[in-house]
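Two complexes, one shared chain (subunit A), two partners (subunit B, subunit C).
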Partner chain A sequence: MAQQVEPQVLALLERYNPKKIEVTRETALGDDLNIDSVAAMDVVMEIEDMFEIDVPINQVADLRTVGDLVDLVRRQVEKD
Partner chain B sequence: MDIFAKYAEVRARHARLLEAGADPFGQRIDEIRSATEAVVDGRPTILLGTNNYLGLTFDPACREAAAKAALEQGTGTTGSRVANGTYGLHQQVEAGFRRFFDRRHAIVFTTGYQANLATISALAGPEDVILSDADNHASIWDGCRLAEAETFTFRHNDPDHLDKRLTRLADRPGCRLIVVEGLYSMRGDTAPLADFVAVKERHPNAWLLVDEAHSTGVYGAHGRGVGEALGCEKGIDFIVGTFSKSLAGTGGFAVSDHPDFELLRLTAKPYMFAASPTPSSMASTGEALRQIETRPALREAIWANARRLHEGLARSGFTLCAGVGPVVAVRMPDVETTVAAWNALIRAGVYVNFAIPPGTPGGLCLLRCSVSAAHTAGQIDQVIERFAEVASLPA
Partner chain C sequence: MPEPMPGRTSPTPTCNGTLAFVTDGFTTLAQGLDYAAGGETGVNFYSPRGDLSAAVPYAELRARALDAAPRLAGLRLRRGDRVAIVAETSLDFLVAFFACQYAGFVPVPLPLAVNFGGRAAYVERLRGMLQAAGARAALAPDDLLEALRDAARPTAVGFVGTLDEVMQQPATDRPLEPLGADDACYIQYSSGSTSFPRGVLVTQKAITANARAIAVDGVRLRRGDRCVSWLPLYHDMGLVGCCLTPVLAQVSVDYLATSSFARRPFVWLQLITRNRGTISFSPTFGYELCARRAANRADLDLDLSSWRVAGIGGEMIRPEALEGFTGTFAASGFDGRAFLASYGMAEATLAVTFAPLDSGVASDTILRGAPLERARKAVPPAPDTPAGETRRFARCGRPMPGYAVEIRDAAGRRLAERRVGRICIQGPSLMQAYFRAPDATAAVFTRDGWLDTGDMGYLVDGDLVVTGRTKDLIIVGGRNIWPQDLEWAIERLPEVRAGDVAAFAVADEADRERVVVVVECRLQEEPAIEELRREVQATVSRVAGVECLVVMAPPRSLIFTTSGKLSRAAARQKYLDGEIGEIDARPVPAAELPSLAIAG
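Right, the complex of A and B next:
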């Protein structure tokens, strides 16, 4: 399951990538993908349902890059 | 390194707004003439974005009560409720809220913002979890941050998603505090509170807090909010609200039947470490509460105005975010159109609220109107005409 996290998260983020920029671990959620704090909650809620995990909101506020998001999801998947 | 460097993008966005005209986030009101009229940049302006739902800011009895209290008891208390800041007035107003909501306990706070900070942060301890609707107000999110509990989000107005969340968290120790609003202030939609109560009752150790800031005085046969309107008040464990909308003052409140609710006075830091509300604010709020209890015509007036505005804007082709209610949010197609329409409206003598991303629910661009019982039918009709003239219709 943990190995599938990155491709699945990247696939989901494609919907938030209308300019079709190349998305890597270093891509900034806010500056590059225009995912603000409210949109980040929507993204995380989708991911939570996808992986059947629960991510505390304070950890969402700390997310800066796609890599941060992937690592957070991976940690929760391994924990649960 | 410049300590403000982190706000470069905020500064750039604000500069772009100013290039387009006036500052929607800093509009000065030069002269306030009534609950619905002001002078802005030398122009008579209809106020349609003030949350002054019952128009009581200019009610003669409320103004007299505020002035008398200031003259007799001073301009401020200079102390918190746990020190020198508990006056007879604070306790009288708390008794008024107990009576109005038919609850055993009521606590007043210095602002509505602090009412959420205090109540949520004190109720949810480190072992507990908070379940918060995705569209909740900033004061709720900050209350969650201040609480030591972990907070999880569920989809806006989605009791099934909450149910799923609570099921997944079933093995966690502690209590679950569910936090929703009665009327959501940006889109103007109401919560399916009876469904949330039903979900809460299916899960052990779950408690429901409803913020009725925008619905107090407007919804329900007695004005107690959306919970009353939907007939599920008794399933709501804690109600939080504000004085700064229908009650036409500054402050906040929380009520509950829980026998230990008064312990918040000894545990909630935003209550214990803030100066208590001023005598004038307490006096006007107490009077406003009496007005709400004794003048059902105020509610009839605001609902008539809400219907008139909603129908008029819908007839003109605007897309509205919710059904008839005191908040009428006009959905705009993009940021540029929203900015241009807001500027055109203020120049045409109509003040509405302005909301663009980031930070708006669903990334919406909105011109947000709030109706008052004090608006005349003529003012509502003028607003509808101005909208049709100056605000581009969404494609």
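Right, the complex of A and C next:
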């Protein structure tokens, strides 16, 4: 399960990537993908439903890059 | 997140058994909680998916607050000291807030962070508030403690910890001296920039007067009412309207965290359905979000027939969006007459006007363009006026008894009905001052003691109609964004000089606000200009979590007042008039012009 996290998150983020920039672990969620605070909650919800986890909401501000998000999801998946 | 209370699997009841329903006569918050503790009602917290995670009768909230109070007092705080508390929607926040009331400290609710990568901006914001409030202690949930510690490092805050850590402190053996009827109650930071936040000092007199007016005159609270809320507890509408007023009226509240609502807005409606909620407030965008997400959700099985007050406030009320909500949820028992328009602000504690109950949102349609913008008159259109030449505004009702609203011109003269001017207010819950900010305080009070809200509006048959919120404030998705915060962050970019930037909001066709940033651009090469544009967008996204439109304008596009202050209002007007444009105004080659003549 944990191995599939990254490709699944990347696939999900494609819908938040209208300019079709190349998305890697280093891509910044806010600065590069321009995900605003309303869309951020949509992303969080989709990730929660996809992986059946709860994302600790207060950690969202610490998530700068796609890699940060992937690592958080991985930690939550392993915890449950 | 609070642990489920052992043995309690159902929420607190809507009605008390024997305790009489009382909304009048309380002189302090502590006294109101003492009284409510005599019954069975209380507060309930729900998970992001709508499961009950804690049900806490007011009696238990009081007991926990009384347990925490002497431990807080043991932190070497003096009476009247400010205790900052990150206002997560949780039992811990309420316990800490009321512990301050019992221990004689002034709580300062602090905001939460919501956007990706927003940590640095969040820490800076917290720090500004800790400094402005002169906080001596600061509390946060475990997962925000590190950010709070970073914020508190260069400040006078002596203790940073969780409520659990406070509970491990020894209790002082001195008798508790609760905040009294002539004391402060809390400080509300809801306006001002990151560097100069303005905190409204709310007194016990103000909160008890406003809560009483809301309960008795505004929504006419009665036995059987139940409040459901997802509003943040660090905003006036969430804290005063959906938390403190219910305490002072022994009304049970079902809480959903704001972030949970943003993820799954339907949980709000499901809680109203399940608990037969009668009162819930939201800015227009909350209703809009539900209606928009409802399209493919026939499976929700909602029954909203119990909802008698669907309050609206906090941003410009958009009647069309509310009609969309009614259209979508009428089949689920929602009655559009439940909509209750209101007007207020933190400087008045919360509410000033309410529309009449059970009548829905009434609107006033007037001519747009020159009559409104130049003559500043709200002129009803002739019957055959095309819709494109008119604008519809919500009527926010009349001032509550004891409150007064006047419309004044720039010189402070009172204006007649249907003349547009500055909304000025008076009433028993007006703040006396921003905390430790005499200049800011002096700037909002008129010489004859009215509060100049900075909002624009007019009166029609005594009803207040708001045509524009505070001139410089940007409100997007219900959040207040101070343009200075955006401008200062952008000015730190290497290619931008101080004074080169103006941020403001413009309304789109649906009256939704949109952020526009004008940058006086000193670059010439197109790739460099585009790179800077992208950086400005990224900066705004990081600082405020919103998208924006960036205009790269030639130098000297912006307008400054004689005292050298940037005039955002003038920049905005120039932008709307098409007088501020892109620096890159090369003529477009004829081949690229759309062939309008042929298409038409």
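Convention: the second predicted complex is superposed on the first by the 80 of 80 C-alpha atoms of A that agree within 3 Å, B and C clash if a C-alpha of one lies under 4 Å from a C-alpha of the other, contacts with A are read in each partner's own complex, and residues count from 1 in each chain.
What we mean here is this: contacts are C-beta pairs under 8 Å (C-beta built on N, C-alpha and C of every residue); 3 or more make two chains touch, one makes a residue touch a chain.
A quick note: this is a predicted structure, and the numbers were derived from the prediction, not measured.
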item: Which superposed partner A:62 touches (first subunit B, second subunit C, both, neither); value: second
item: Touching partner for A:36 - first (subunit B), second (subunit C), both, neither; value: both
item: Contacts of A:78 with subunit B and subunit C, given as first, second, both or neither; value: neither
item: Partner chain in contact with A:14 - subunit B first, subunit C second, else both or neither; value: neither
item: Subunit B versus subunit C as contact partner of A:26, first or second or both or neither; value: neither
item: First (subunit B), second (subunit C), both or neither touched by A:52; value: first
item: Subunit B versus subunit C as contact partner of A:44, first or second or both or neither; value: both
item: Subunit A residues touched - subunit C or subunit B, whichever exceeds; value: C
item: Touching both subunit B and subunit C, residues of subunit A; value: 31, 36-38, 41-42, 44-45, 54, 56-58
item: Subunit C residues touching subunit A - in the complex, by the definition given at the top; value: 47-48, 88, 112-119, 122, 141, 143-144, 147, 257, 259-260, 262-264, 477, 479, 537-538, 541-542, 545-547
item: Complex interface listing, subunit B residues touching subunit A; value: 9, 132, 134, 141, 144-145, 150-155, 161, 164-165, 168-169, 357-363
item: Subunit B-facing residues of subunit A, complex; value: 31, 36-39, 41-42, 44-45, 49, 52, 54-58
item: In the complex with subunit C, residue positions of subunit A that touch it; value: 28-32, 34-38, 40-42, 44-45, 48, 54, 56-65, 69
